[in-house]
Structure formats: C-alpha cells, structure tokens
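What follows is a set of notes on a single structure, which appears directly below.
Note that the chains take the letters A, B and C in the order they are written out, and that residue 1 is the start of every chain.
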Amino acid sequence: MIIFREVHKWFGKLHVLNDINLEVGAGEVLVLCGPSGSGKSTLIRCINRLEPIQKGELIVDGMKVHDHRTNMRKLRAEIGFVFQQFNLYPHMTALQNVALAPTKVRKTSKREAMDLGRQVLGKVGLGDKIDSYPAQLSGGQQQRVAIARGLCMRPKIMLFDEPTSALDPEMINEVLEVMKDLAGEGMTMVVVTHEMGFAREVAHRVAIMDMGQVIEIAPPEEFFSNPKNERTRLFLSKILRH
Amino acid sequence: MLEAFNFRVILEYMPLFLKCFMATLWLSGAGLLGSLMAGTLACAMRISNSRALSGAASVYIESIRSTPLLAQIYFFYFGLPSLGIRMTEEMTGVIALTLNSGAYTAEILRAGFQSIPFGQVEAGVSSGLNYFQRMRYIILPQALGVTIPPMLGQAIVLVKDSALLSLISITELTRAGQIMTSERFMPAEGFLTTAVFYLIIYFVLKSIAGWSEKRLIFREGR
Amino acid sequence: MWTYYLTELAHSLPFFLKGLWMTIAVSGISLAGGTAIGFAWGILRTRKNRFIDHLIGAWVDLIRGTPFLVQVFIVFFILPEAGVHLEAFPAAVLALTNLGACFICEIVAAGIRSVPWGQKEAATASGLTELQQLRYVVMPQAMKTILPPLVGQYVLLIKDSSVVSAIGVMDVTRAGWLTVQRVPQGLLVFGLVGILYFIICYPLIHLSNFLERKMGGGTTSF
C-alpha cells in the first residue's frame, strides 16, 4: 500500500529523513514512535504530500507521490489524515465538517453525504452531537469528529499524527477505542503516537525513528520484550517508566 | 512616451524641486511636532475624569475623523480671514495639519496608555512610588514602546497629507510638479519626479520604522 | 450681513446636494471596484507564487508611498501623453479605485494569513482544490479579521474622494470651493461641507467599531 524507497528529505541543512525504506501492506497497522525531532511526523506527512520529499521514491496505492505530475487530489481522497490539533473547521457543525469533502471532492449529493455523516458520527459515538460546533465539544469529542471526517471519504488508508497528544488524559481512551475498532475492521493505518498500550494491542508492527532514520521495526511482542537496538532500549525505558 | 522624457528639464528644475523637498520636510515636521502637542493635550483631556474636558476632546476627535483633510484645510484657509485673522498660507497649512494629525495622535496615545496592564501600576503603588515616578519609570517607557511604530506611521501620513497644501498655493513638492506642468507642459517629468521624491521619504521612514520595531522587540524580550 | 450669507447658503443647498451625490457616486463606484480588485489581489498575494506576491507588493508600496493627489494628477495629466484621454470623473474613479484596491488588498491578505495554518492543511488533506479551500474553509474564517478594517477603509476612501475636487470633479468639496468664492464665509461654507461628510462618515466609523467588537476584537486604528 505504502512504499518508501531510499527516501530523503531536508529542511534546509537539516537532514530530517535519511534513507527511509519502509513498506506498509494493505490492512496493516503500523505504529511509529521515537523521540521528538526524530522525523516521525514528517514521515507520515510525506505520505499524502503535506510535505514533499527530495530524493527517493514514495508510492502510495500504486501512485507515485514523489512525482509532481501526480494528481494528489485523487490520492488524498483515498487517504484520511487526523491531526494532533484536530483542525476542525470552527465555522461549521460536526455534520458539516464531515460532509464537506464528500460533497466537494467526491461530488456526492448533499443528502447522501449528510446521511453518511450521521452514520459515521454515530459510529464514533457522537450521534447526538451532529449539530454542535467544535467550540462546544471537548477535545476528545473534537478528535473523534476529525476521525469521522477522514472516514467519510471512505479512504483506503488512515494516517494519525499524534492524535492524542493534545488531549487531557481522561479523553485519550475514547479516541483510542475508536482507533482500535477501526484497526479491527481491517483499515490500513499508520499511527504516530506515544501510546504504547495501543501499539501492543493493535499494531502489526512497531517502528522507532531517531534522527531521521528508522532504527528498528518489529512486531510488538518482539519490539517491546526484546529490542535489538540500544537506542530502542533507551527510548523504551524512558517512556515505559509509567 | 519614454523617448520624449526630458531629463535635462528635470535637471534644470532640480533647484526648485530641492527647495520644495525641503519645504515638504519642514511642513510635515512642523505638523508632526504640533500634532504631538495637540494630541497629548487632547488625549489627556479625553482620559481625564472631567466630563466637560472629555466631551470637548471627543467632539474634536470625532469631527476631525469624520471629515476630509482637504475640507479642513479649506475651512481654515477661507475661514480664518473672515474672522479677521491674517496669516501666511504656510501657517494655515501647518495649523490644519496639526489639528488633523493631532486627533489621530490622541487616539494612538490613548491606545498606548490603555495597553499597559493595570497590574503594573498597582505594583508601582505598592512599592511606594508616587504618581510622577510611576509615570516616569513604569508607564511612559512602555507607552512609548507601543506608540512609536504607529507614530512613525503618522509621520508617513503627514508627508502625504502635506501634498494637499499645494492646493492653497504653498510651494512644496506637489506644487513643484504643478509648476512644471503649467510652465513647460511637461506633467510626466514634473509629477513623476515629485513621486520619486515622496517615495524616497517613504522608504526612509519605513526603514526607520522597521529598525525601531526590532529594537523595541528586543526590549520586551528582557 | 450674516442673514445675507445664510440665505445665500440656503439657496446653494441644492448645489451642495448635487455635490454630495457626486461624492457618493465617485466613492461608491470606487469602493465596489476597489473591493473586487482588492480581494483578488489579496488572495493572489497569499498563494505560493512569490513572484506575483512581490509584483503586487511593489505596486501597493508605490501607491502607499505617494500622495493620492499626485496619483490623481498622474492619471489625469500623464495618461493623455500615453494616449489615454480621460475626463475628470473617470480619471477620479480610476485613481480612487486603484487606491482602494491597494489598501483592501493588504487587509484581505492579512485576514487570510490570520487563519491558522492547520485549517488549510486539513482542507488539503481531504483533497479539496485551492479554490474550494478558499471558499469553504479559509475565507469564512478570514472575514472576521477583514470586515472591521474593511469598513474603516471605506471611510478613508470617502474622505480621500475629496481630493478629486482638484481636477474639477463636482463633489461636495468642490461645491464648497466654488461657493466660497461668492459667499466669502469660509467657516459657514466649509462647516456645511464638513457636516455633509460627517453625516456619511460618522455612522460608518461606528459600524466599524461595532463590527470589531462583535468579531472578537483586535486592533483597528485609522
């Protein structure tokens, strides 16, 4: 589904992605972790070309993201992206938020889009909040609307960039539950997160990045109990303290 | 059009342009100084506790802001003689500029004063500083920091406003262009040269504004 | 004497009202045109194309750095040399529209830049085109920041329209200028002119302040 081949990216002089070689198969859930500045957010943002890459090949759903002739609009319609800061449209209700892209990009009729929107919002547990504005919702609720907004496009891939990092602790679980359900349904997911419990339960593989490189990638049982890399061990010891 | 552009004539008129350039500078400068005085007075009246003073200042400020400068200039130019007051055009012009800019300056100063958090004043009071000390060490330095950038903006506005004084026969930059048009039928050479002079002043003032903003940000960083 | 002047003034009232109508016409057309062009330029300035941004920016700087009077003279006196002969009214509207467009362009660009970057990213990530992003996500949010200064700019343009009286456009200011030749009571005549402008501008200024409060505050000083 997603193929990184010898991918490099620089921010000026900073070598933020250094020779990335990674493959994510259909239906796979990949969790990406690492210290801040490791490049994990940048990596996931390259997948739908929110950030362009300078070297190497990036092929998503058969389309060449690195090629600037590729029609990204079509590809982005197949990828749902959930931001750390939610980025819900404040001037629209939850229902309008999730129905906007289907009507404008997939050209679905307004009524169909609204019906779908109601259904998906119900699925994430917000059926009674469809007419609420983001300002009236808690952080956890807003993030669930953001997930619903991605799902309404019926994407093939869902990307999550630290979806719970901006949430108060008591709201983290409601979002993780939605994500777990999604994984259970076979969605291809790449999740940048520090929530190791989620990784253990749901990920097919866990990858750790440091200084622009993927230093280790393994299924969770292996990753957590028997990390091969010294830096992985160091990182795990720091974050698994609590 | 450009082939016919006569640089020699511009050189010939350069003494006039330079004289008018200086005139524009001193007219704007006088206006700026005057407006600082008028503005400070009006601001003090506006924020005073006296309803009469505050009201009078409001009337002044609102009248100026709701009427065009040109109408105000004509008001003084045609109106003062009918009261028996005779003065040079330059004086009339400076008065009009002063009163006009003074109203805007008053609002700038008022915004500056009100932007200082009241907690600072309380801190000053509780350390035992008296009114003048609080003014000098706490309020005025900060008010200055907030007001210098918009005041530089006012300076730019004054320079441009001074062009209107050409319409009451004052010899300044725009008038130089008009003279070249009427004497030599060369409006292009005349007004484009005028424009260039104004742009020089504009970019100099803009640079000063940029430089002073950097310095001021530095101060707040401490 | 005074009664004579007052009755003369009263007789001139229709003349002034015609002038008022002309002021409204010149301002109105320029505001409409300036808003349309200003929004277009403002949007263009915030796109990825740096060249267009700098091009428009250079033009805006030119217009903001020179007095409007000089711009009016350039349009009226210099364009004929390039083959474009405009009468007073069209020349006035052209110059005022351009002035408005430049200032409104800056207001719009600032408003668009004030929308959090994440909003644009979310819209991009859903696959919306640039136009769709602008229309459904960015502009609705930018309007809160744009509307109050926009109305303020309208007031400034109405006042600036008085300058076109210098090339003979028969607006309120020109009506005053012509009347004062016959009725040498500058205070009365231009007092009337002031009142007429006041009637239009004062409510608009307060509309702008009201909008500013309603939209959540920010700094508008003009």
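Criterion: a contact is a pair of C-beta atoms (placed from the backbone, for glycine too) under 8 Å apart; a residue touches a chain by one contact, two chains touch by 3 or more.
It should be emphasised that the depicted structure is a prediction, and the values quoted were computed from it without experimental measurement.
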Chain contact graph, described as a line, ring, star, complete graph or other shape: line
Chain whose Cα centroid lies at the greatest distance from that of chain A: B
Mean-CA-position distance for chain C and chain B (Å): 20
Length of the line joining the C-alpha centres of chain A and chain B, rounded to whole Å: 55
Cα-centroid distance, chain A relative to chain C, in whole angstrom: 47
Chain C residues counted as touching two or more neighbouring chains: none
Chain C - residues contacting chain B, complex: 61-62, 64-70, 73-74, 77-78, 81-82, 155, 159-163, 165-166, 172-173, 176-177, 180, 184-187, 189-191, 193-194, 197-198, 201-202, 205, 219, 221-222
Residues on chain A engaged by chain C in the complex (per definition of touch): 48, 50, 72-77, 79-81, 83, 85, 87-91, 100-101, 104-105, 146, 149-150, 153
Residues on chain B engaged by chain C in the complex (per definition of touch): 1, 62-63, 65-72, 74-83, 104, 107-108, 111, 150, 159-164, 166-167, 174, 177-178, 181, 187-188, 191-192, 194-195, 198-199, 202-203, 206
For the chain C and chain A complex, residues of the former touching the latter: 116, 118-119, 121-129, 132, 136-137, 140-141
